[in-house]
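Before anything else, here is the set of structures, which you'll find just below.
Shared between the two complexes below is chain A, which pairs with chain B and chain C, respectively.
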Partner chain A sequence: MNFDFRQKPIELKTAVIAVIFGIVIGGILMLVSKHDPFKIYAVLFNGAFGDKFALASSLRWTIPLLFTGVASAIAFRGGMFNIGVEGQMYLGALAGALTGIYLTGLSSWVHIPLIILASALAGMAWAFVPALLKVRYNASEVVTTLMLNYVAIYLTDYLVKYYFIAKGSYGQTIITDQIQKSARMPSLIHATQLHAGLLIGILFVVLFYFLIKKSKLGYEISISGINPEFARYGGVSVNRVRMSVMLISGAVAGVGGAVEVMGITWRFMSHFSPNFGFDGILASLLGGNTPIGVLLGALFMGSLKAGALTVERSTDVSRSLATIIQGVIICFVSARYLMARFPVSKWLDGFKRNNRRRNSDEPH
Partner chain B sequence: MAAAVEMRNITKKFPGVTANQNVNFRAEWGQIHGLIGENGAGKTTLMKILYGMEQPDEGEIFIDGTPAVLSSPKEAIKRNIGMVHQHFTLVPSLTVAENITMAKPTLRNGLIDLKKAAEIVFEMGERFGLKLDPYVPVKQLPVGLQQRVEILKALYLGADILIMDEPTAVLTPQEITQLFVTLKSLKEQGKTIILITHKLKELMNATDVITVMRSGQIVGHMETRNSSEEEIARMMVGKDVQLRIDKKMPAFGKEVLTLKGITHYDKRGVKILDGITFSVREGEIVGIAGVQGNGQTELIEVIAGLKEFQGGELILNGRSVSNSTSPMQRRHMGLGHVAEDRQTMGAALDASILENFMMGGHHGQWYRRGMFLRYKRAEEIAWEQIRHFDVRTSDIRLPARSLSGGNLQKLIIAREMFLNPLVLIAAQPTRGVDIGASQFIHRKLIEMRDEGKAVLLISNELSEIMSLSDRVLVIYNGSIVGETTPEKSTEEEIGLWMAGIRSASRRTL
Partner chain C sequence: MSLIDASILAVIIRVTAPILLATIGALFSEKAGVPNITLEPAMLLGAFFGVFGSYYTGSSVLGAVSAVAAGLLVALIFALFTLKWGGDEIVVGVAINVIMGGLTIFLLKIIFHTSGSFMSPEIIGFPQLDIPLLDRIPVLKYLFAGQTWVVYFAFLSVWIAHVLLYKTPFGMKIIACGENPLAAATVGVNVYRIRLYALLITGGLCGLAGSQISLGFLSMFSENMTAGRGFIAVAAVIFARAVPVRVLFISLLFGLAEALSNQLQLLKFPSELVLMLPYLLVVLFLVIQPDRFRWKKWKSAGAVSESGA
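Up next, the complex of A and B:
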């Protein structure tokens, strides 16, 4: 497998081409299933940007991706392919929910920071396991983090089902009680799901910027990610850097889970995340693992999600459309060989050169 | 008679550089043709075009008078062109015969016939004077013989025109002499050899005709016997060059780096360093000569803290250093390190020039403020040093990949010297660096020594060791087998040590 992209940032050009390919191939699939792609894409666009409610929905779906995007980006920058963001998010969500339920009589100004702290610690603890396996035994973090996702999802299910199940719930429902009022995120726009978690998400992007661009640790993270041998040679403890990025990454992912609980669900729910973790990875890759890139990537993915939900509501095209578009994008972003096969910019250059040659031949 | 190779008006552009500009290159049959130029002069690109590895943007190629379209090495081989690369393309675990016949296996009933392969190798060895045991695995051969396998491989595929890219880089002086004898006998059989090199001396010794390239163009073409080293050096660089290095009388101080019986085993438990003992004093350059792969890399990495030692004692600036002393601590104790391989260890090519410059220094107080780094300040310092070391770049925010080999090496040396070490390990400080830059680097190393710093110089270039060192140690098979000074010994004598011959004869005496 080629994980080259964790070390080399993706160029903007590559990201844009990948997105265009995704949209075109999505359109072809719609044609095949006898839908008018222009009409469907119009619905999708309206659902994402059409009015105040559409915009609010896009931003609502952007929030968790800001956290998972930042979490992925930090790890990738340090050369750790943490695909366990999803699992770390579940642990964070449960820890946050429990803190939100069982701590009472606090003001929001105290309660919410405590929840953030608890969820960060939980996410961090979950990321500590693969980080330790990596630095101690050189176990591939790709495998361990991926596997631990399943463990996290079912472990939280188990804990809720046997210890924290909501009063009066029955059957297969695995949910906790609701969190205290003081633990809930205020809404940003009335009658929409857009909540103040957006501000926290943006704050994390800003913190990510300062970490990577200004701090000594950030410098060591970047260099270790690009060339660990060089970092070691320069006196950087690469293992310490790897441990740090995993812990920070896990913490950010954990907070993302708690913010989802505080802003949307108000309780821990089994399988609450529609793959926020993996969407965050994609947002990060699309954005070249840079702070501004993650922000844009998360906005794109969030809008796509909001649009796809509208498409599903108002047409008979499934929301899987968004998944297909994402899938194609992933292929094009990760498969650099494929991009080398479609060197669009080179074709353009060649075209120009041929024209020039033809023009210069004419006088003869 | 038609020329063996004629390349007309070859132009090849890469993004940002013109590697070849209207190059007209001609090589006759039955000659050894030297192609010389500084790094980045375009000689390797030109030869890659001839071997079909690169396609020219413009121009035509004629082989033996007929036009050739060389779209791949396969096509080039069809036109009887062979190339021996600087880095060998052999499979170490396979035998000599298997390696040589790999591209065109000898078959019997559709199965590979190794006996026939061995016969062919034997017969070719007789014919070309390149004798080899066909049944020995390549990994058991010394580098000089591995190169012989490469040459036979090209000849087996029918090469009449043989391109050799820097063939002497990994050889001992004796092996180099042997190689030139071989090339001469190939020439006498009517073959054409194109020798890419940047070493003047061997060019003068081995070639019939010389073509000099500078910044993508051919600037000179002459018969070897009608030219001189000075003349060619001037053509390569475009100005007069001083080939000799002036040094002040040494003033040695106290020992700042001492190794006592350092032993190192690799992961498989093979002894790589065997009781290495030596010291380097203030104001002294100690050169370690040796054929590549005799433990130099491990020695450097043990001193720098990148590999552990299993026995012996390492003392840096009067303090004992253990395996748990991290590379950072060693740097704080006054160790600097110009890495042997600048692309994989000495730099991060995808990081910016600035970030590359900051490495190591970022631990200290120059541009660190607590948890943060002051990039503005770092940038000022970097520019200052970059100007001082004449690193040519327009923007230090570009990736280090954008620098040429010589400029990258100057950047690395600038960084390590800025950190003001007491002891500098300078490993292959001028490998693949052009004359201008390598002279500059040599001057800087001498300056350091004159300021009373210690330099441990490790180089595969014996002439570099001889011209810079105050004391020369020879490493062979993980041990120091000889110690001398450049005044006391000749390159030939040291060459014998490097080949392990003198220590062997000592044992028999």
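Up next, the complex of A and C:
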């Protein structure tokens, strides 16, 4: 089956207009629920950018989205709609946590890379299943990856509950023991949750850039994603490309899970991810699946999340408001015909022309 | 407690009903050639508004009506963004999944001032109907006695869908739009309108399915309570190659898996493993009949790509 997802370039103006639509619709929802949108948005903005702690919080929520965003973008680039990032992340987090708990006596410089390696392999293994089903049996990866998300969450719960449960926890909360000190990410700003995982996340965005722009595989990924028939004609094995993008995508997602464990939770916790996978997909789609786009998309989604948490703390508006706004934005990003009705560049041209005329009309 | 007794038969039928309704809904989208993954959010919003309508009106029928309306709303939004504004069906579908997941949590908080789940004696569930003479029929009495009217309607909908799709001009138009939209347009079928109607049927049925989940047994709403059944329906309809009667049997199979996992949890069996069952079943289905997993729309493209491989 040829999955009809072809990545399409997204212009900056589309993203901006979609964000405006998202904010307006979010505002309407607040009005309907009898809140002052301006007040709530002010709280949200303050919670995302207001002070040092707000900024740290925004960046903290950006970190996992860098990984899930890059993971999604690589798969989308290669024409695979991998919505199983969430599940791959769970497997990576568990593998990372176990490596962090049971390997002892190492320095951080050895321990953390080992954890990253283990989590990448686990994520990769989980992504291998839908990839194989796709290239071998033509099974739609949209359905299989999504189903495997549920399976991943139950499977990690099961493994932890029956084999790796924390001492003193009798199945009430499904958590593992804490990871070793050497496996923990150093904090970047004291007394905040911002940790060095940010640097790893940015490194992955840079690697994504080099992969897609500078390597042969990247070129093959791009043309297979845009036009698989053409790619085949040019001698590219599209199935190999699809397998590769899924494996890379799963590996990156897995590392994202482990980084969350190393930086924030210090243990594997059941349901640790508040939908990082889907948020990453949205970040990637908002950013047009380009490296810089993913970076900006993750920053935007992360700030929105941080702001929404502050909103939830100080008002009775649920944090899910942010989720709704994110979803609305992606709907509008995708709405090509609607966006064609906003010829922004033409307006800008007209604006420039008017300015020029006004300038030349001025008396000398 | 034994694994299989007569009561599990009734459970199977009860839990099959929402999956069956959603799968029949998916059938219409599939036949019309629209890759629609907004069944899950339509069910979820339907489940919420079923509770909402029932709580505020005191009538389970009005609960079902508002659930159907919610399903239609989801379908309308999906149609607006994809059919009218040219959005990618999968991208918009994923986005609508995200939106409705958030919206139900948002509404739970502002309407019922709670989070997680909402339960109240004032939510009127669907009444259990006792059909006269049914308790005299040997097997059927275990299956169908004391079910809600939505359950009866779900099983009836298989027949309705069959008649509607294969015996009416409207059904023929739907099938034409899926098989060959260009040819359908050439002979004067308004493809967009037919697809809109098909999506609305899908949305309405999924809304009703949602209300059976929230009002059919426990009369409560909880976050994400549809738990992927909308996606199971998508997989089921592909597996059944979009034939109504096969849809019935596939749905029953998923109902069986769900009922078994409910039952096994009561025994000392790791519930996590059991809860995976329906999802693994979907994946398994995708593997054992690869050729049948083609959404109509991609049939031609797939054939081309394979010959080129």
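Following the convention adopted for this analysis, the second predicted complex is superposed on the first by the 326 of 364 C-alpha atoms of A that agree within 3 Å, B and C clash if a C-alpha of one lies under 4 Å from a C-alpha of the other, contacts with A are read in each partner's own complex, and residues count from 1 in each chain.
Convention: contacts are C-beta pairs under 8 Å (C-beta built on N, C-alpha and C of every residue); 3 or more make two chains touch, one makes a residue touch a chain.
If you're wondering where the values come from, they're calculated on a predicted model, not measured in any experiment.
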item	value
Partner chain(s) touched by A:Val328 [first = chain B, second = chain C, both, neither]	second
Which superposed partner A:Tyr233 touches (first chain B, second chain C, both, neither)	both
Comparison of chain B and chain C by chain A residues contacted	C
Partner chain in contact with A:Thr173 - chain B first, chain C second, else both or neither	neither
Touched partner set for A:Tyr137, first chain B, second chain C, both or neither	second
Which of chain B and chain C A:Thr104 touches, first, second, both or neither	neither
Which of chain B and chain C A:Ser314 touches, first, second, both or neither	neither
Shared chain A surface residues [contacts with chain B and with chain C]	8, 229, 232-233
Parts of chain B lying in touch with chain A, wherever the complex brings them together	304, 306, 326-331, 337, 339, 344-351, 355, 358-360, 362-363, 368, 371-373, 375
Interface residues, chain C side, partner chain A - complex	35, 37, 77, 81, 84-92, 94-99, 101-103, 105-106, 108-110, 113, 115, 227-228, 231, 234-235, 238, 270, 272-273, 275-276, 279-280, 282-283, 286-287, 290-291, 293-295, 297-298, 301-302, 304-305, 308-309
Complex interface listing, chain A residues touching chain C	1-5, 8, 29, 33, 81, 83, 129, 133, 137-140, 142-144, 146-148, 150-151, 154-155, 157-158, 161-162, 228-229, 232-233, 238-239, 275, 278, 281-282, 285, 316-318, 320-324, 326-328, 330-331, 333-338
Chain A - residues contacting chain B, complex	7-8, 213-217, 219-220, 222-223, 226-227, 229-237
